């Protein structure tokens, strides 16, 4: 079982970027937390975006946390880094999803940079695409054929944005899923650019995370014995 | 259980690039096949490199196949592509490891290009690093802390090359494993650059690979119902 | 009026990559030539692919030329370069469309490389995406909202491939058009990566292509007079 | 006719980056607006830089707008984004020129980032090179052979900088124009790296910018009829 | 003799990134200055990091300067740029070493950006790797086989960090040195990504830095005489 | 003193790419060898290109070697690699200059690839730009202000190409030198993209190239003693 933390700058960012993947995680028994850094109060419409976001998180089977920061003012400073660190710790996340770093929205860039700082000790950080993302070269994909409708349901919960924001276009979401699916040689996919992604091939026996521990030193001797003199 | 196919141009290429990862696959119960495209007859020394390679494959718990091509003459032409296709089919591989495309050895470049052609319908193609690899930006890693000594044992089987080839330096192999391990925030790692890598979060229910099948059409209707009008 | 030359390795490559853009060119009064380098005789099916290709070219309002080379054996050698040069000259092309250079099909790579050689003196060379293209970062787009159905009609002419090739998926073609359209902030788009693209802002008065001509020298004096001493 | 908006952080930035291209736009009958974000008050010299800039804009046939921000303090925050948005709206720009994002001057980076944010719905954003630009891989060019002297005249209007700034070297401006011209296979060129550039091949009949409009739905049916079942 | 300025955000950054290279500079008779921008007061432990840093600088034979900025709050603003400019001037640096720009630590990114600004007129700016650096493609290397132990001695002076910081792992430092050494085809290396690096092949006779000086104009005539008419 | 080997596919390639740098090497007392792989017999004109090349080499103070291969048919196969290896050995080169790998001329691509293979054990391989080079991001520069006229003199020796080849434009050569000079913050420069470049800061005492020698093992003990337990 994995502890997954998905981070977005505004309500609906996570759903757009990796909503179906989160559904696949919940279906696999993983524990999923969504961290929405701001209330999205600068977005169009007068709807209660907290309510929309709570409803969307529920459809994804995810816990919801709020960062309490202010829309359009995110910066990747020490306070934001510390804030995200606290949620990484709380969720015991070993896999983080966050915006791609090269994005034309300043909040998205800041969220990506701060998450990379906060997650500097994690072995799995994957970046998702937003409609405002600029360069994006995904190489890691998740098959979402079974979860595409679930993603659209979650997105629909953000009715105010679907209705009013020119950047939220559900038909483009479906098209991109098929586009990336073709790239991944499957049906529909969400696409990710990894900063780093350690694969789990199997529960490794006796894995140690710091090689200079006493166990590590034994290895050193075995290794040295195998090197040519 | 996965069917894994590791492809190398010469005896010892696969061990250097992903030997420990193959051990992790066997440990996880995956079926591993090694395809060595040439006999490495241009390498230094007079040892029987087929014997060395057989011995190395045995230590990795892998099946060994030979491509029967001639060292230093590999080209990514239709014949080489077809040859690799036949081994992908025979092994029913769903995950391929092969050289990185940007490599100063012409055989490595050719092996990478031909494998990309032959594996054009596969969802998982990962590139490993060789001592002659040029640009290499890995983002996917496998924890090999438990398998580093196993990798060195496999490498030792290629005694002629360890002894004579200036490009095979076991101490550099260990150093690189630790270098990439630090990048991956673990102990020791092998590093991979993915052409594409579909993650398995869980056995997806009712996965289909071609969305235009009859099952796919049902989805289309569900999807259409969820799009704004 | 432009003279446009679209180059593809096999029948259907051009339609998949830039079929709607060619329709936009014909609609704009440009003269469009399609150069299909091989007969695609290794593709699936027994249909007459020359007939299919002729029919597709007709729906696009384009002249059709055949390179007469053999499917799956293309190389970017001097003969292929000369062949393409002859068609650039015949068509007086000032804009060339061709495969993207990084593609897993050896013929596509060869077609791109040879076209770059043959077009080394041209100011406009744009690369289109194929289903087998690997890295692709398009920055130039053509709005094909009005020509998407036309593209599908042209594609349909290649019935044997649509029916039998796993790489030709019309629904993915539509999805990609919408995906790139969203990237380009329009409806549907074909996407291109330029090697170089000189824009036409206006018919420049007295344009010269070689600045060292006599006209160029006058400029030199005017320029020198404007430089600080 | 196009509405062109050129954005620069300081007086003389626009002239250095795309002055001749703006002349080509005016010559083509396009409407050109220059937005200079700061007064350049930290530059060398005591000259009135507003006067110099007004004079330069006049030689280019462009309208001049001032952002009123402070030299060396630009940040790509919400206020700067809104400011640029207002000028995009005022000028009804459909083509924006702005600094390249990777630049060693903090104001240039900020201007590029804020313009990308403000122009997130535009289909044409091109980045020009400054003397302080770092990585820059232009693929789009404009032939400025006929406008090189005009560019130098505009630059000369910034006499204080030409005289005193080590980064403003007219002879290097001419050399770069010839360098990029050779890259573009023409005489002299200004070079651009596009974030996205939708080409105009012809006035597309019935173009729509949002495909989910009623017109878009008709298309959907036509498209569906052309897809294989 | 060179004047070398190495810039780091925190105590120990410079030693980790280029400590052995600085030793090679001192050994070669170059004058080395280390500029540590903050006191590293947010790092783990209660040790006096100023004392540790002074001791480390002494082992490297380098002068030590402090930027006096606050740990975790660096920004590449005008004040930081001016601060670094003053140290470039004081040290008369013609070669600057600084963090790589793409780093997950906000202070490292800020130090790199500000140094690039401050060093905009310098011909030699090289970026070193930190444990938190993200993408890094070094092409320039220094042979540190003779200085590896010296680097470890300098690192040991930062006892509080070696003891307590999870990012400071001396065995990984050694491994990376061997990894990059193998890339550089030598024993052990420190690796650098250059923003720009002018090589010294020989003391050039009569070198001028501004070609439009009177000496430059003579050249112009000689050059013009050699161009075809 | 260095042994420098400059490799070009055709007569005039080396002069265009790094002629002035070779002059700087000779001026510094280095030994310079030029290896011209083909006779350039497909170039325009009827002049004796061997004679022209001999004359050009003389003006650069360089030894001239011929590869004896056929113009427009270069491939980076084992024979070409071996050929270049023999010249690396003969010249005892420790620094190689060769074409950039991404070039639209097939011979240039082949020369770069074969030289990278042949020079796989060298620590210094720099790529120069040709008029047909495609992507090129130089980071290493040589100040050629004192050698620009010398470069033009060498180029003039290739009178047939200057006269007849559309790709050889001396005024563009001068412009590019000034363009790269501005990038390098000097007067005029030749620009290089390094595959790898080990800097010489000083004659390192007791340098060893293979760390597993007996000398290397002593180091290992010293290093181990400095690592935390």
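Order as written gives the chain letters A, B, C, D, E and F; numbering starts at 1 within each chain.
By definition in this document, a contact is a pair of C-beta atoms (placed from the backbone, for glycine too) under 8 Å apart; a residue touches a chain by one contact, two chains touch by 3 or more.
These numbers were taken from a predicted model, which means no experiment stands behind them.
Which option, C-F, A-B or B-C, should count as the same interface as C-D once over half of the contact pairs match?
A-B
Have a look at B-E versus A-D and report the one with more C-beta pairs in contact.
B-E
So what's the Cα centroid distance for subunit D and subunit E, whole Å?
Computed from C-alpha means, the inter-chain centre distance equals 34 Å.
Between subunit E and subunit F, what's the gap in Å when you average each chain's C-alpha atoms?
28
Which subunit D residues sit where two or more other chains touch them?
Only 120-121, 169, 171, 174, 178, 181, 195, 210-212, 227-228 qualify.
With touch defined as at the start, can you tell me which subunit D residues reach subunit C in the complex?
Residues of subunit D touching subunit C: 21, 24-25, 27-30, 120-123, 139-143, 145-149, 152-153, 156, 162-163, 170-171, 174, 178, 181, 183-189, 193-199, 201-202, 204-211, 216, 219, 222-223, 226-228.
So in the complex, the part of subunit A that touches subunit E is made up of which residues?
76-78, 81, 113, 116-117, 119-121, 195, 210-212
Which stretch or stretches of subunit E touch subunit A in the complex?
42, 72-73, 104-106, 109, 132, 134, 166-167, 169, 171
Across the complex, what residues on subunit A touch subunit C?
These residues of subunit A touch subunit C: 131, 135, 137, 169, 171-172, 174-179, 181-182.
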